[in-house]
Amino acid sequence: MMPLLTVHGLSMRFGGVTALHQVDFTVQPGSITALIGPNGAGKTTVFNCVTGFYRASSGTIHLQDEYQQAEGIDLLALLGEPLQWSDLWQPHRLSQRLYYKMFGGPHLVNRVGVARTFQNIRLFNELTVMENLLVAQHNQVDSGLLSGLLSSRRFRAYEQAAVARASAWLRFFDLLPEANRLAGELPYGYQRRLEMARALCTQPRLLCLDEPAAGLNPNETKALSQLILTLRERFAITILLIEHDMGMVMDISDHLVVLEHGEVIARGKPEQIQQDPRVLAAYLGTQTAEKGGL
Amino acid sequence: AVEPIKIGVAGPLSGSDASFGEQFWRGAEQAAADLNAAGGVLGRPLQVIKADDACEPKQASAVASRLVDREKVVAVVGHFCSSSTIPASAIYADAGVLMMTPGSTNPLVTERKLSTVFRMCGRDDQQGVVGADFVVQRLKAERIAVLHDKTTYGQGLANAMMTRLHALGKKEVLFEGLTRGEKDFNALVTKIKSVQADAVYFGGYHSEAGPLVRQMREQGMKAPLISGDGIFSEVLVTAAGGPAYVDGVYMTFGADPRNIPTGRGLVELFRKNGYEPEGYTLYSYATLQAIVAAMKATQSTDGEKLAQWLHNNAVETVMGKKAWDSKGDLQVSDYVMYRWDDKGKYKEVE
Amino acid sequence: MSESRSASAVTPEPLLRVHEICAGYGAIEALHGISLQVQSGEIVALIGANGAGKSSLLMSICANPPARKGKIFFAGQDITVLATHQIARLGVAHVPEGRRVFTYMTVAENLAMGLMALPEQANHGLLQAGGGADPEQIYHLFPRLRERAQQRAGTLSGGEQQMLAIGRALMSRPRLLLLDEPSLGLAPQIMGRIFATLRDIVKEGTTIFLVEQNANQALQLADRAYVLVNGRITLSGTGKELLASPEIRKAYLGGH
Amino acid sequence: MSSRVSRALRVAVVALLLFAPITGLVLSGYQLSIHWQRPLWLAAAVLVGYFTLSWLMQHLGWLDRFAASRSAVQPTATIGLSGPRPVWIGAAILFALLLPFVLGKYAVSVAILALIYLLLGLGLNIVVGLAGLLDLGFVAFYAVGAYTYALGYHYFHLSFWLALPLGALLAALFGMILGFPVLRLHGDYLAIVTLGFGEIIRLVLNNWVSVTGGPNGVSVPFPTLLGLEFNRKAKQGGVPIHEFFAVEYSSDHRSLFLYFLLLIVVALLILMVIRLKRMPIGRAWEALRENEVACRSLGIHHVTVKLSAFGLGAMVGGVGGVFFAALQGFVNPTSFTFFESAYILAIVVLGGMGSTTGVIGAALLLTVLPELLRDFSDYRVLSVGIAMVLMMVWRPRGLRQRRRPFFVIPAQDLPKAPVAVSQGVAEQ
Amino acid sequence: MDIYIVGQQLVNGLVLGSTYGLIAVGYTMVYGIIGMINFAHGEIYMISAYLTAIFLALASYFGLQSVPVVLLLVLFATVFLTALYGWSVEQIAYRPLRHSNRLAPLISAIGISLILQNYIRISQGARNQGVPPVLDGVWRIPSSAIDQHFIQITYLQSLIVVTALASMALLTWIIHRTALGRACRATQQDRIMANLLGVDTDRIISVVFVMGAAMAAVAGMLVTLNYGSFDFYIGFLMGIKAFTAAVLGGIGSLPGAMLGGVVLGLAESFFAGFVNSDYKDVFAFSLLILFLIFRPSGFLGVPEVEKV
């Protein structure tokens, strides 16, 4: 099957620090792929490159498009690339580059179906939980300024659908009672789930979760694992996951990619990775690995 | 008790021009006190009402409506800044209230021919002429730099001066504006120096003229500075940083009211109260005198009637005899040239 | 329960004594009459579900938000009346939820900030160049931080920031260390190292009060533990007791 | 008790130190005139004031409330249905309609000014309160509106009714022109750039004498109503309205006309703002204020969203400008100083950022109050300053907090799982 | 164009820029710690001008003659009282607003600046005030045989430049090298965390206000002595210029404030001197805008790179 996401030769440098070096991996549609590695290995940086917040120093990132064309969508192009001389005799390319240079950015990456959560939670703190979810549906609800100002029937219908969709996701994450609270005053664990719900409201094909289980107790982590599995099964959402909770990772993921010092040191099925000596040395540590399956 | 006759005194009592507003108020207040001591008008006492426009057109309009509609004044002494006087005068004219400004010299104030609008001072176009004539004929200056402070008043004055300069067949070597409220004009002074001006004409107020002349002298320029009534104030000396710096500054002004015999007693009175009646203080005093004279003569407070009378009659004031033309300007403008000396005093130039 | 009573019989005055405090935010009350004690030299853990009020309790001990009712004693002194910075200067260090590193400062400067709580620095030494204290131990504990010593803390990875927050709190060698989910975002290996370190520093005289979601590890580590449910303490006991308790296993450990 | 006395004494000593040189030693020329009683009186006043205040606070329970509001905790916003109750709205409308007939002409002129400021406040509220972009040069758009009408009339005989949309459009255009390059800037850099832009506009208006008349300004005719003029004699080639209706001429007609026109415009605007806040675009503004990164991760293009806020705010400013020009009959650059921007900002902040009701209250307060204070003459501006500080201290979060909309979620007729999404995804 | 003119404009710009810089430092310090634009800072500077004149007059009233003694006494008294003003303003108008939104102190600052202006106007009168010339004297470098061709700098002007540089260096050292400075920066970035670490943030904020006011006092005194005249309104324009300078240099950075001031001063001088003084402010502001578009955090500001 053609992969949903293909990352090839991805490198990222910050001044002197090389955060990523020649990273290659793919994400199959409908899979749960986990990205693991020690602290500072570059996992979040991979996310940032994929979702367009950082402009990769080199490499390519492609997302399979809806018609499954061979090359897919070049995510890096959406961010706007520097103009090149060769563009001069390719007016179409030129116009496209100019367009992306002016209007490109991470928001376009989201619009082609990639949503994410953040390691440091980023909610709209002064908005209510429900409003947080409605903001996420901005692009779907947008029905024109005038129709909104006049509160047309169409607009109200859209709005109602958005609220319904948001409520459904809130129920999914068991947050419905909090719908009218301010997001900023929720406890940490709720905020994490709210962020996931918000990302899902943008109707993504690929959902990137950065440590979703941080701050959850083992019981809650279990429940979350279940939810993630449901997401894949019921809603056909592909998931790319960063997580340090090995129990969870080993339970739910189909495929693992291990990073260390910005380089991929192993990839494969959970069982393989658990035995891989390099991974054991670099990341899991020998004793923890035994308890991994907790 | 008898209902007092209310007269508004409007000017900038706050903001950067507050010192002129203070002069207006002091003069009018004293005049009202004196007139009341003499028995008031039409058997009623005078009451002056302070109104602050901060030299802002918006506030001037607000103040004008308030004076007219709330306070029900019958006449107004004010405003000061021409940009305030112009919109405010429209409101007074509309309500038929007499307005006489002691200090707005911009031609536009009376050029709009509003029937109840007068002024107690000259016009910039008259003042500029005197200035230009003096620079060319008396100082024999060849290279003249003309500066202004980008206000209605300052720019108007500088333009009037230039028009006359061109009529006299001369051309300025520099024409530029500076910003009110700044103190550092060194760059401009260096520039004046570099064009080798032998006279500098400045349309503006003393708060900028002071630092300007000081910085000219500090940079070794000896050319005279000529200006208008905006710098007519002893404060020029403090603003310039000492009497040594104002030596060789010239300015046009009406015949100094403080030197007019009729005014001498009044000046003494002011000084006794610890106030130097400089600038527009006596103008403001005289303005109130003129208004009251008209009331006495017509036995009325109706703006139109007062205006009618003022257009046709002369009034004896503390500043001498004054009469107005059909626009409301003074018939005789008596601009003369003064020169400051190194003691910080000024004298009329013979 | 019986454990803690007998413990208080041995040492009459615990290092930290929280007596029936209520605290909250605006109209919301998050803590409803909490009482607990931490003896000198102990590791005490606090566990509870999301939103139980664990972080609120830790912050309340630092008077932010201050307790509305009840009293808090630290080493016998009533600290309910003190301001946050005064409490910190008594030797209470805090690793707060969300790390809160100073993003525009370098790692080294962040560590030096940990010294601000030392009384001599707080009162007299403000004009000294500072930084005289030794971050070496911290760097030894987290070698990663040494590599990044001159990097701005805001650009660190999440786990590195967590290390920094812990390191900063350790700098002043506090008498009481309040830890709010120290394992958050840390790789398993580092986590093991941190828990080992916590045991060590207790030996050096620091007392630890710990909120931890990784209940398994926390209960293994802790001498005693409390369970918080909806702003109320419902259970307490030694770590082992709680670890063995079926309710706890069901509610927090994901056991069956 | 004694600690209060000693504190009060300390305060008095500080007050004495502060007042002694400035009020006690008055400069005249290079000499001083000494008024030694003045600082003593002032310090005594401070002493007494401090004493009574602290006594009052303690005995009337103010202290507790103050202490509570000062605590380090950030109080949470209360959530409730947004907007005041209909009774109040009705009363406000009734009052606005009756005002000219009850309070007289002067009140109308004050009210007109208040409405113009309200307009500006609402405009700036979109930019600052909702979108969180600190704009210190709002007056630029106001100036653009005013000069559009003034110069438009001067050169092309543009009528008020044409100038109104044109001024709005032009101001919006200026907003976008300014907005596009500077939206990369964050927080206070944006503030200074907008401040600079405001100053540039004013300075150009002032210096470009040949076109704008410079400091002399431009005069502006009063608007006509369907070709009917509000003058005693027709000037713009129309018919004076009093002749048309065969009534006596009165200058009151003008202000009444302007007042009601403004009332309609402001009412429409308020409705618009209330709607906007509940529309996707309004929510996007607020979201952007809260967290730009998160917004971008959700597919919101920050530049266009910010620009829309900037443009819309500027447009409202432009409308305000056209009205201002019509009211004044004369515009010159002195009406468009930085202070004006600051004052409008004060309206927004005092109102409680983002709250429409708050802005309405603050605009009325900040325009009516200085008028009421006119009786204080010399002390008027001082009192305005004191009032501003006191109001901020009294209500640090503004007169009214922005309330969040409350969503009622009917629990029963909800699907167990997010069906809508599942269908959406399945189709892909 | 003659070399002496260019040189003189350079000196003019440098001096003007240094005065901007001196005041900008106060803005930047206060901004650097509570993230608030202290619009009343210009008024604090204005008050220090009045205090300078009052104390100078007082000195001559008591018959003090020796110039250095007089200047030192006046400096001490002015700095002390101005700092006290700064401190009181902070206590009255900003401290109660600690937990409000970010713009509330801005409005109360505008209120304070109205209060201070009118307080001075009412107690000292609206007229221009001045100080007699003190410390006269200039250095002149002749650039050609013609006696009008020279570059000059007065003693006072050079004092302004030197003081500006020295005080900026001192403050930079404090902020970057001392524990106090670190506490300041921590307070700015996360007040609650700083508090948790034992920093008395209220005190730190007061200290910063006092330091900012003291800088304004030094500036006020030097500028007053140099230009000899002032009124109750000078704070406004100077405030805006200094604020511009602070932003140009990268707000929050002390050397940046100085650099921004000098650049602004030079830009104004050269534009006024060689192009047109009508449009010099237009030029300065356009320069600012253009510059910020290409370098969004000023000369020396920390770029806002946010780790996602």
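Every chain is named by a letter (A, B, C, D and E) in the order it is written, and numbering of its residues begins at 1.
Everything below uses one rule, namely that a contact is a pair of C-beta atoms (placed from the backbone, for glycine too) under 8 Å apart; a residue touches a chain by one contact, two chains touch by 3 or more.
Note that this is a predicted model, so its numbers are computed, not measured.
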Shortest walk length in steps over touching chains, subunit D through to subunit E: 1
Of all other chains, the one whose Cα centre sits farthest from subunit C: B
Central chain (distance from its CA mean to the mean of all protein CA atoms): D
Pair with more cross-chain C-beta pairs in contact, given A-D and B-D: A-D
Intercentroid distance (Cα basis), subunit E paired with subunit B, Å: 35
Whole-Å gap separating subunit C and subunit D, where each centre is the average of the chain's CA atoms: 46
Geometric centre distance via CA averages, subunit C-subunit A, whole Å: 32
Of all residues in subunit B, the ones touching two or more other chains: 14, 150, 177, 237-238
Residues of subunit D touching at least two other chains: 30, 71-76, 207, 293, 378, 381
Where subunit E touches two or more other chains at once, by residue number: 117-118, 125, 129-132, 192, 195, 278, 281, 306, 308
Residues of subunit B touching subunit D in the complex: 13-14, 50-52, 54-58, 61-63, 65-66, 69-70, 81-83, 86-87, 90, 94-95, 106, 108, 150-152, 155-156, 177, 234, 237-238, 274
Contact footprint of subunit E on subunit D as seen in their complex: 14, 17-18, 21-23, 25-27, 30-32, 38, 70-75, 128, 134, 181-182, 184-186, 188-189, 191-193, 195-197, 199-200, 203-204, 207, 293, 338, 342-343, 345-346, 348-350, 353, 378-379, 381-382, 384-389, 392-393, 396-398
Subunit B contact footprint on subunit D (complex, rising order): 29-30, 33, 104-106, 109-110, 113, 206-207, 209, 214-217, 219, 251, 324, 327-332, 334-335, 371, 374, 377-378, 380-381
Contact footprint of subunit A on subunit C as seen in their complex: 25, 28, 47, 49-52, 55, 97-99, 144, 151, 155-160, 162-163, 181, 184-192, 213-216, 250-254
Of subunit B, residues touching subunit E in the complex: 14-16, 18-19, 21-22, 150, 176-179, 181-184, 186-188, 190-191, 193-194, 206-207, 210-211, 214, 218-220, 233, 235, 237-242, 244
